[in-house]
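The chains carry the letters A, B, C and D, assigned in the order they are written, with residues numbered from 1 in each.
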Amino acid sequence: MTAARENVMAETARKTIRIGLIGSGFMGKCHANAFRSAPGLFRLPAVPELSLLADVDERTASAGAAALGFGRATADWRQLTSDPEIDIVAITAPNSLHADMAIAAIDAGKAVYCEKPLSVDAPTARTMRDAAAAAGTCTMVGFNFLRNPMITLARELVTSGEIGEITAFRGIHAENYMADAAAPHSFRTDPQGGGALCDIGSHIISIARYLLGPIDSVLGETVTIYPSRPVAAGSSEHRPVKVDDRAIFLARFAGGVRGTIEADWASTGRKMQLAFEVVGTRGAIAFSQERMNELHLYSAGARRGLDGFARIEAGPEHPPYGNFCPASGHHLGFNDLKVIEVVELIDALLGQGTAYPDFEEAYAVQQTVDAVKRSAVEKQWVEVASV
Amino acid sequence: MTAARENVMAETARKTIRIGLIGSGFMGKCHANAFRSAPGLFRLPAVPELSLLADVDERTASAGAAALGFGRATADWRQLTSDPEIDIVAITAPNSLHADMAIAAIDAGKAVYCEKPLSVDAPTARTMRDAAAAAGTCTMVGFNFLRNPMITLARELVTSGEIGEITAFRGIHAENYMADAAAPHSFRTDPQGGGALCDIGSHIISIARYLLGPIDSVLGETVTIYPSRPVAAGSSEHRPVKVDDRAIFLARFAGGVRGTIEADWASTGRKMQLAFEVVGTRGAIAFSQERMNELHLYSAGARRGLDGFARIEAGPEHPPYGNFCPASGHHLGFNDLKVIEVVELIDALLGQGTAYPDFEEAYAVQQTVDAVKRSAVEKQWVEVASV
Amino acid sequence: MTAARENVMAETARKTIRIGLIGSGFMGKCHANAFRSAPGLFRLPAVPELSLLADVDERTASAGAAALGFGRATADWRQLTSDPEIDIVAITAPNSLHADMAIAAIDAGKAVYCEKPLSVDAPTARTMRDAAAAAGTCTMVGFNFLRNPMITLARELVTSGEIGEITAFRGIHAENYMADAAAPHSFRTDPQGGGALCDIGSHIISIARYLLGPIDSVLGETVTIYPSRPVAAGSSEHRPVKVDDRAIFLARFAGGVRGTIEADWASTGRKMQLAFEVVGTRGAIAFSQERMNELHLYSAGARRGLDGFARIEAGPEHPPYGNFCPASGHHLGFNDLKVIEVVELIDALLGQGTAYPDFEEAYAVQQTVDAVKRSAVEKQWVEVASV
Amino acid sequence: MTAARENVMAETARKTIRIGLIGSGFMGKCHANAFRSAPGLFRLPAVPELSLLADVDERTASAGAAALGFGRATADWRQLTSDPEIDIVAITAPNSLHADMAIAAIDAGKAVYCEKPLSVDAPTARTMRDAAAAAGTCTMVGFNFLRNPMITLARELVTSGEIGEITAFRGIHAENYMADAAAPHSFRTDPQGGGALCDIGSHIISIARYLLGPIDSVLGETVTIYPSRPVAAGSSEHRPVKVDDRAIFLARFAGGVRGTIEADWASTGRKMQLAFEVVGTRGAIAFSQERMNELHLYSAGARRGLDGFARIEAGPEHPPYGNFCPASGHHLGFNDLKVIEVVELIDALLGQGTAYPDFEEAYAVQQTVDAVKRSAVEKQWVEVASV
């Protein structure tokens, strides 16, 4: 066994990169799991080590570190961003804190993995983008659904010309987590939280951009379905809601395509209708996160009477599905998509390829969000700022 | 930070259990990933450590250990089953080797986590079951699809009486991995591999039993669709196939329900149609692994004109979905189901609950498989041996 | 307008064929509607005229004739079968009366359009088949679902070799109209009614035969889910049920294919799950009457990573859809399928093509039904009588 | 038989109403079939008689009359609208001729059944509406898809409060009949034909109004995907296209609901995606004409973990389905929906209920169409004219 053991040692003499994670909630747990799983599923140029966890207080941080497998904990995120051992700072704190944390990490020379939305307004996002650009920082923004192999396939079908010239785009992100009028105020309904358009509209906007390129101008409106909500669960005291529950807009892509996009976090019955259809002159593509392991493809070239949307099921022909499973039909899940993000970030950090979506891209998404909000106020077409 | 670090240490002062894994292929990778992910997703009574990997030769073993994160490697599985450091022996070797490995591990006092099918015939499975029973071994068999929260929900709906008295069961496991006549011989077509009924029929049998209890007797036939196959990929030399490509049978459950069950590994177009419908006097349930995050439920009590199968989407209301994600609609994937198996095994080993399906259950599945094969030969109803 | 009127007269100088209909219930209404609609949708060699309606008594017959547009009515079906004006006798009376009516009509030289099942046992069906054969009668049996253009397409895909050699067939007809334990006895539960296998199993058997040819032998069982039922709606008095609620069997087709077939009229939640899958070496087909305007086709030849079942929607490329509507996506309904039957009968009667399914075919279906019942008793494979 | 015959005579001594039909193409055939079928399926206060058919020339008219079963034919539609025998004038001529024909018929005291769109612009539609209102004419406009029992059910669920306060509407009508760049100019691409918004957008607008009431204002754009098309099939000569291939707009309903609506006749792969989702505070409804016999209903009141969209299948609980078939799951087709229109028109004409949608309603739809076109030009919110 000795020889074999040495071989293992040799093979595992890969560089270690140390992760500092801010936040141990929903997304913090996802990040930790992704970093932990990635090296067993992908051949990485470096092995991530769960090094330091920061959370709001020492008790939460310690408990989180223990639960998620971090070696150390801190109640002060600034300690984390400046910790010399840390290579990647992963940010899963509330949206309004992203900017300070990310810029501190950038200034300290770390790579940054930040949850979407990058921030709650474009000017703030711009400072983050500018800081990263100036420092040459390797960045990744967690748009979660975007790195689904089925969406990668969709993009290939679009960019290869397989479905011809694109003539239409229809996109929606509808969920029901704020559909209950009794759902109380939270960080989500804080103007700093951004509203439905910022919170989930950013997903479908990022997918629209990934598939079809930049959006030039928008025309739309935002709707606050529930004008007031309880200040806390069960409370009879209500406070006005100052963010949108729903946004609907028309989009003109730089490439000329016209599209419709909707975001609605009060869509009763919808658990995750992140869906789109791309229509081209020679085919069409339909997808919904409700069935995330399927892509529906219509090809105009089918024989007469035998045409129809084909239900393509995810399999190893759709990289990097094969890293998770060598056989078709076994299904990736949400947490697997986070692994794909993490792998691309580590690869990019070690000089293998680029990370996408990065701060540059996330800033562009935020610019689109802001343009829609302005259009809703001005009631006219608004150009999306281009820089 | 010192205090926090101590807290982390205190919290992580959980027992460690060491894993010895045999096989680093498709399922070996799944096992390793599951053991690695489990402690970050579940609050476990002990933290698994990837200790030793065995594979067919030193080179493969070393490479596998490095890729999957094991500390040591060996080309001799007997070294692994007898290694004093190892607590759990995980077996992902070819089906025909399961028995020797499992019994060696049982004899050495290890817990055993074995991939399905337990073995390729019931007598062999019985020796494994008997050894485990005699030693009081904690065992778990990897039936993969069974631990899906949607199937757990299905069982609750059946056993609670929600859909009334059960009147019918229809089950199928159809895949296409042997649908190509040019697919060559492999361990699958070896009589020791068991054929389609043993290989994938065991999945739908295990689900049928989980939902409705034991099957008393069976009547069916097996079909060898391709009577010969190339000896190797691309070879013009063919050799006869001695296993079934497909099996179809009627089943009488001990509870009185009559069902139909089919297994087909040459079902062109089907990536993973592991599907069933349970019909009751007051409702019905339909499921397919093709959309593994959905369960379809019909309730007879709906108002007139508003009845229909409801598409229930997986969410935190369906444990242990919430351990993977606190929000609905985010989808579990195949690898997550392996995590659920591993968690239950560790819990059981540490005295929290029982592991299911264990060797006892897997033996009963194999008895059912054998009875179908006998029925196919005898062309009559055959009782499933009860002990 | 005079000239145009003369043209109309000239064009409409087509032969008239007179219809005598027995029964004005569910199916009687369907027949009348089909005969009335057919000449406006198809270019028929003769125009049907709704001439005489027979029903159980004069009041029912008169009301039925008025409602359905017949010129005359009678309470004596023998008057109808012998009426010299009548060309086609359409039979929608209870199953047990089919034989007497059909043979009387055959003896009187009429064409016969009879609802399925032809009779409730094969010997009786044989007398009908023999009488028609001896007299050279033009016959058509109303199997309703069979003449769907999507099923015609399925057959073409099978017989043309499009999906290769057929390796498997799975068929089911599940409905819920007897799913309620409180559903009382009726003609359906009369041994002369035939039970679920005869009543709806005949549909899926006829489709199986249409797609794959004759069934040589069967192995199966029949189940009486509710051993007794109320003698009348709401009654507390129960009487034993002597027919099957459900039948499940394996089938060996003459061509070598093995299949599974199920009939269940107590399948809670299922309104019309008349569904099948045909698997071949180069493709597969799936259909359900629940979505009767779709056929799902998998073609093995698709490019790597782009394969999947295509959802083909009914359109004018699928004759005779175009007779109903020149544009795709407009959907045929159940009543349209009866029009197709009627058109084929009239065409055949006037020497244009042959009517299918005729008494010969319906007799073969009934032989298959009887063989399954015998197999259920004998608990072994039973050959389907071949003459 | 004498007595019975007299009864039939007595029962059939219903009033006869005579139909004059203009146009014997796609829709003309539908109308004729509907008038012919209606009295055998519904208990009508009067029986329609196919009296006179008008088409572009004598030959076409005569052939059409013979094929569709009309007694007389004419090449001059003015002869038809003024024919004293005619009770109902049915108009299936090109859109741009609707107004002259309808007004002539109104002036002659006929009831009018006109295909949609009422006309190609609102001012023209208004003259038609005004003429009908002044004369007290019974009118019906053939919006085809609207009278589907599933859409009637959707409306009941909305208006009864079953799904709570409505918070969102999403509607689309996408087809592919102009998706081919080589599709030549036709009446559809004539500015008098109206474009996609007028041609098919009117369907989804009429459904939106039926479900949620009037639309107050709109904001949108129209897109001409193919700026030029061949002058004839196969021609190399191209002429500019002056109508829209696609329109997308936001709608504000008078009741406060905000919606998105799209029309696209160049949507590759879509045969009939006339689809909508209505979201409310306590439920949601989804429908697509692609599966026109289903309505999907989400009810917020379901038990925890068992909620989901229920797939309601059309049945006799959904009037007037039962007039076509007394059993669930048998499917209505497109032509059946035209029967429903005809029945309602005849009932209304004979004083039983009112016909919907009538000219008043169709005019309002056309106003909405015009407002969207104006918004596309003005690039701002436009109010829909209210009178």
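Just so it is clear, a residue touches a chain if its C-beta (ideal position, glycine included) is under 8 Å from a C-beta of that chain, and two chains touch if they have at least 3 such contacts.
Small disclaimer: the values here were computed from a predicted structure and weren't measured.
In summary, the chains found to touch both chain A and chain B are C, D. Of the two chain pairs shown, C-D and B-D, the one joined by more C-beta contacts is C-D.
A straight line joining the Cα centres of chain A and chain D is 43 Å long. If you average the Cα atoms of chain B and of chain D, the two centres end up 54 Å apart. Centre-to-centre separation between chain C and chain D, using Cα means, comes to 33 Å.
Looking at chain A, one finds that residues 270, 307-309, 313, 315 touch two or more other chains. Residues of chain A touching chain B in their complex: 1, 3-5, 7-8, 10-12, 26, 29-30, 32-33, 36-37, 39-41, 43, 58-59, 61-63, 65-75, 79, 175, 177, 270-272, 289-293, 313, 315, 324-336. Here chain B touches chain C in the complex through residues 163-164, 167-168, 170, 172, 174, 179, 181, 219-221, 223, 225, 245-246, 248-250, 258-260, 262, 264, 266-270, 279-284, 298, 300, 307-309, 379-381, going by the rule given at the top. Listed in rising order, the residues of chain C touching chain A in the complex are 153, 296-297, 299, 302, 304-313, 315, 317-318.
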